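Below is one structure. I have some questions about it.
Each chain carries a letter (A, B, C and D) given by its place in the written order, and its residues are counted from 1.
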Amino acid sequence: MKFPFLKEAITSLTKKPSTELYPLVKKEAPEGYRGRIKFHADKCINCGMCIRVCAPDAITRTIEKTEEGDKITFQFYLGQCTFCQMCADFCAKKAIELTKDYSMVGTDEEDFMVRGTFIKKLPPKPPVPPAGAAPAAAKAPAAAPAATEKPAEKAEDKKEEK
Amino acid sequence: MFKKLIEKGIEKSPWLLHINTGSCNGCDIELVSVITPRYDAERMGFKLAGTPRHADIVVVSGPITSQSKERLVRTLAQVPDPKVVVSIGSCPRSCNVFHGSYSVEGPLDRYCDVDVSIAGCPPKPEAIIDGLAKAVEILKTKRRGK
Amino acid sequence: MTNHLPIIAIQVLFLGAFISGLVGYKSNSLRKFVIFLATGTSLVLTLMLFKPVMMEGQIISYWMGNWVPVSDWAIGIGLEVDQLSLFFGLIVTVTVFLGAIYSFKYMSKDNGQDKYYVVFMMLAGSVLGFVFTGDLFNMYVMIEIMTFAAVGLTAFRNHKAESIEAAFKYLVVGSIGSSLILLGTVVMYAQFKTLNLAQITALLNNAQHTPVILFAFALMIGGYAVKAFIVPCHVVAPDAYAAAPSSVSMLFSGIVNKAGIYGMIRLVFVVFASMNLPSMQFLLVFLGTITMFIGVTMALAQSDFKRLLAFHSISQIGYVLTAIGLSTILGLTGGLYHALNHTLFKGLLFLCAGAVLYSTGTTDLNKLGGLAKKMPQTAGLFLVGAFAISGIPPFNGFVSKWLVYQGTFAKSMETNNPGYVFVTIVALIVSVMTLASFIKVTQSVFFGQLPKEFENAEEVPLSMRIPMWILAALCLVAGILPTAVIDYLIKPAVLAIKSAGNYVAVMMGQEYATKIYTEGIAIPKYDYAMAGWNPTSWLILFGVLLIAFALVALTGGFNPRHIVGAENNNAKFDVFFSGEAAEHSHVAGNDLFWGLKHNLKGYFHFMHDVHNGVVNDYALMVVSTTALVMLYLFLLVK
Amino acid sequence: MNNILQFLFYILIFPGFAFCVVAGLLIAGIDRKLVARMQKRIGPPILQPTYDFLKLLGKETIIPRHAARKVYLAAPVVGLLSLVTVSLFIPIFNFSIFDKPVADLIVIIYLLTIPGVALIIGGSASGSPYAGVGISREMVAILSYELPLVIVLLTIGRKVGMALDGNITFSLKAIVDYQAQYGPMIAQWSMIPAAIALLLVIPCKVGSLPFDIAEAEIEICEGPLVEYSGPPLGIFKLNHAIKMFIMTSLFVTLFLSGAGTNFVALNVLIQFALAVVVTFISISVLKAITARLRVEQTFKFYWTYPTALALLSLVLVWLGL
């Protein structure tokens, strides 16, 4: 009969336990951990690539037509997510981020929803063309960032659940 | 006083029953790691019970496959009151990547009230500890409500 | 008046056989009445002997036809009831009475009942005659009647092949035993020209143990070993016990093998007065030890309820033989106590087996299960019997087994012989194994899941339960009042064993005895008192604790609100089977204890091969045992 | 009247029911803590068994459909009662509640089998196939450890009997007196193998880890306990804890006892402290470093090593050493 762990057991008695006191001492997840999704609605351009790459269909998008433009809501359902980071990787604008927050505990569905809403303005109605088309075409790219500025402010009220 | 003592006991000694309903074992391994020396859930009184009759908290992992559905329902019924059902990982919540499969009959809330869900695929052991702590609170309120 | 009681008690039983044969085929109830009256009268008569014999210490002698000894030479047949005889006589009458009551309902499904009762009463009368008689040849006659009655009863359910087979085996081996006894008797008569036990005792007291006497002695030991089913002469017992109706199996274990034990005691202690020889003590202790060990291990391997009980009978007889082989006061007390207890609990267990057979039609442990729900009383009574035989306090088996352990160990201290410690160890292990095999029966018959085909099983009728209740109550009484039992039953019997001189004096007259026992009749002392075990105070403790528990329960410890019934059709009350639907998944008796059997498989295979069922081998075993005993006696007993 | 009250005090408070419960739960808690520390864990609080017990009192009791109701509910209580009864008979150094010897070692051994039997009968009555497997294992375990246990006790009886009056004695009081006179039993080198054998028997008797084949929660769902829930389960767990205390306390009385001090309270404390030490040596260490054996391995183990040790002791004592 051999008791290979006898010595170790006895010596462990006097040593400090290797247990982490988790709920008392908070713990940071390691670098690269894929936790709760954070959606930066201000960066999103509604390309829909994330939806296409999401294997479990955790991302839904609703589009409401409003006067100002399309009110677009991205909804990430953490209860369905595999945390594979595909969406973040494929996001051209880096609007999706998987944070290190691992503690995702909830009692109902709402606790697992990450939503982000922004309004995609309709392209401005083409004004009566002034003298030449070329300057108008050159102006439009300059106007586009200004147009996205506004919805970004509105996106402040996006729901960011803890 | 007796009631208070029992409540204290319930708070301090929740026993878990783990049901795997076709999970990929990711969550199961994380749950087991909760009772390893590193996380040592036993210091909070958690213990893995072998049978539903001993359990207070039922931890379900996996999408409910059609094979396991019947067994799950029967086992859940056999747990004595008060009991709390905890779903662990995304699968019982929504079937995750398996949803829509011909052999999956989830999600779990079709068959019982899920009291606490822990998201993650799989959740980190710390998250499981958080979820179980929440489950204990719910267990206490359930005991009081009786 | 008291002088006539023994012969009347015997004759009432034989008369009962005769009358029930005459009138029995006419009317069921008349026959039952006759049987009840006969067995009841016999019981009352032996009970009436209790006061003069057990309490006042009289020894009753009765010369048939008043053929009293002429000039110190016994010519007639005498009955002599000393305390030992009465002790066994009480066992016999109680067992017969309860067995008869049980038979009324139990046998009602069989045909040919009138014949059954005739043979039944013959068996009863012969054993009572055997223990009351004071005549060597009469002993042979009675045991011969007993054997043939037993064979007839074994074959009673002759529509089953097993019954016929068992009866045949029993007939062959039993006849060999009887012939050995007869041969021994003949040799004794040739030597002493008398058949009276008392006179032979007296003559042997002064005579040398010549080879002829040793020859006769060995033959008789062999013969009575067959009657008591002592290993290796036990081989027919399991078949016979299992094949006979349960009320008869109860008689077999209660009185038939007790008759063998009584014959042994009477011969080795009183007639041959040989038990102060260490070699004789060793012989009996050795036989007893292997008997109890082989009996119990064979029982562990059985899968039939009654066969299992039969092997336990053998095992328990081993205890009795071991204890009386010690030949100390403590040992004899333990041995006789265990003989009494064995009758009580084994009778109870056989009746339970009968009840199971009555309501389900089988005793196969692998088929039965879950009967506790259908037959709660039988299950409870069976548990009492099982605990008693396993020696769980406060039942009676504990007391007597404890005396046996004490006795063997004290003997080892006394003689400084380590062999007796070994006997103690074996006795304790055998006790645990007994528990194991009864756990097996409990699990496979009464608990677990109920097979579909027994869903309509019912509790047995009241008249079958009454004897079981009485036996269970006696088990408990003998367990919690050991001091009373020892004072009134065991102690006189033990003293009677030890005082052969008294036996002679009563039968042949005081003058004759003093002439023979020139240095005076030794008066034995009973130097043992129950000290280490006081069950009454223990029981009081138990009661107080129980009350305390009841209080806790009432004040909300176990809130009855939480105890949920199991009557509705909810999955919640299914047995947990890892979520599977509760199909029939009863662990059968054969599959229990594989861990044990696996480790001892060499031994079990050997035992399996020995019990091969070939009658020739069995006869050979009996004869060679006798030969070995003879050899042993010739070589070692001086 | 005074006598009865005193008797009631003995039974219900000390050294009976209440003391047993407290000591048993404490020892079980200490054992769990020690095992955890040996595995480098923090481990549950010492009161954890108490919490478990209290919780189980508040749970629902489900009686399965196949169960024999009365036996099923009575079994744990009978086991507890017999354990409490044993506690009354074990002397704590020179303190014993009976003046006369009422029960000796064999009685105690038989009474100590009752909790095992109660577990078996209760499990059997629950009607579960897992329980069927469990009870068979439990029974084989009883068969296994009983052989060395019996030999150890006979050795002690022989040793004490030879020293006192040449007569056999299994009286616990005589054993304690003997130790008061000649020093603790373990100090005699011929008794050391017996002591080791008894130390090896204790884990199986209380059903702790290398030998907890009957209650293997992973393979057979806690065996006989599979269907129990609520208060009856709580009482079984309590039995388990009390058995731990009683077995270790018995070891202390048999091998480490002596005259003790004049104060009962101090004696009790010493007894308890020694019992904790014995628990540590024989239960906790084994539990921390071993994995579960199979049933036939357990049987083989007990009928070889501890039996050989006990026999060695018996032979030594027989030779008068």
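We take it that contacts are C-beta pairs under 8 Å (C-beta built on N, C-alpha and C of every residue); 3 or more make two chains touch, one makes a residue touch a chain.
Small disclaimer: the values here were computed from a predicted structure and weren't measured.
> Could you see whether B-C or C-D has the larger number of C-beta contact pairs?
Between the two chain pairs, C-D has more contacting C-beta pairs.
> If you average the CA atoms of chain B and of chain C, how far apart do the two points sit, in angstrom?
That pair's centroid distance is 58 Å.
> If you average the Cα atoms of chain B and of chain D to get two centres, how far apart are those centres in Å?
35
> Where the centres are mean C-alpha positions, what is the separation of chain A from chain B, in Å?
28
> Identify all positions of chain D at which a residue touches two or more other chains, and write them in rising order.
In chain D, 36, 39-43, 57, 59-62, 130, 221, 226-227, 230 touch at least two other chains.
> Hey, what residues on chain C touch two or more of the other chains?
Within chain C, the residues that touch at least two other chains are 572, 574, 576, 578.
> If you look at chain B, which of its residues touch at least two other chains?
37, 40, 43, 51, 53, 78
> For this structure, give each pair of chains that are touching.
Contact pairs between chains: A-B, A-D, B-C, B-D, C-D.
> Could you list, by residue number, the parts of chain B that touch chain A in their complex?
Contact set of chain B toward chain A: 37-40, 43, 90, 93-97, 99, 115-121, 123-127, 129-131, 133-134, 138.
> Note which residues of chain A are touching chain D in the complex, please.
Against chain D, the touching part of chain A is residues 1, 3-6, 8-10, 12-13, 15, 17-19, 21.
> Along chain C, where are the residues that touch chain D in the complex?
370, 372-373, 376, 379, 383, 387, 390-393, 398, 402, 405-406, 409-410, 412-413, 418, 421, 424-425, 428-429, 432-433, 435-436, 439-440, 442-443, 446-450, 531-534, 537-538, 541-542, 544-546, 548-549, 557-559, 562-566, 572-578, 582, 585-587, 591-596, 598-599
> Which of the residues in chain C end up touching chain B in this complex?
Residues 556, 570-572, 574, 576, 578-581 of chain C touch chain B in their complex.
> Using the touch definition from the top, list the residues of chain B that touch chain C in their complex.
2, 19, 51-53, 68, 70-75, 77-78
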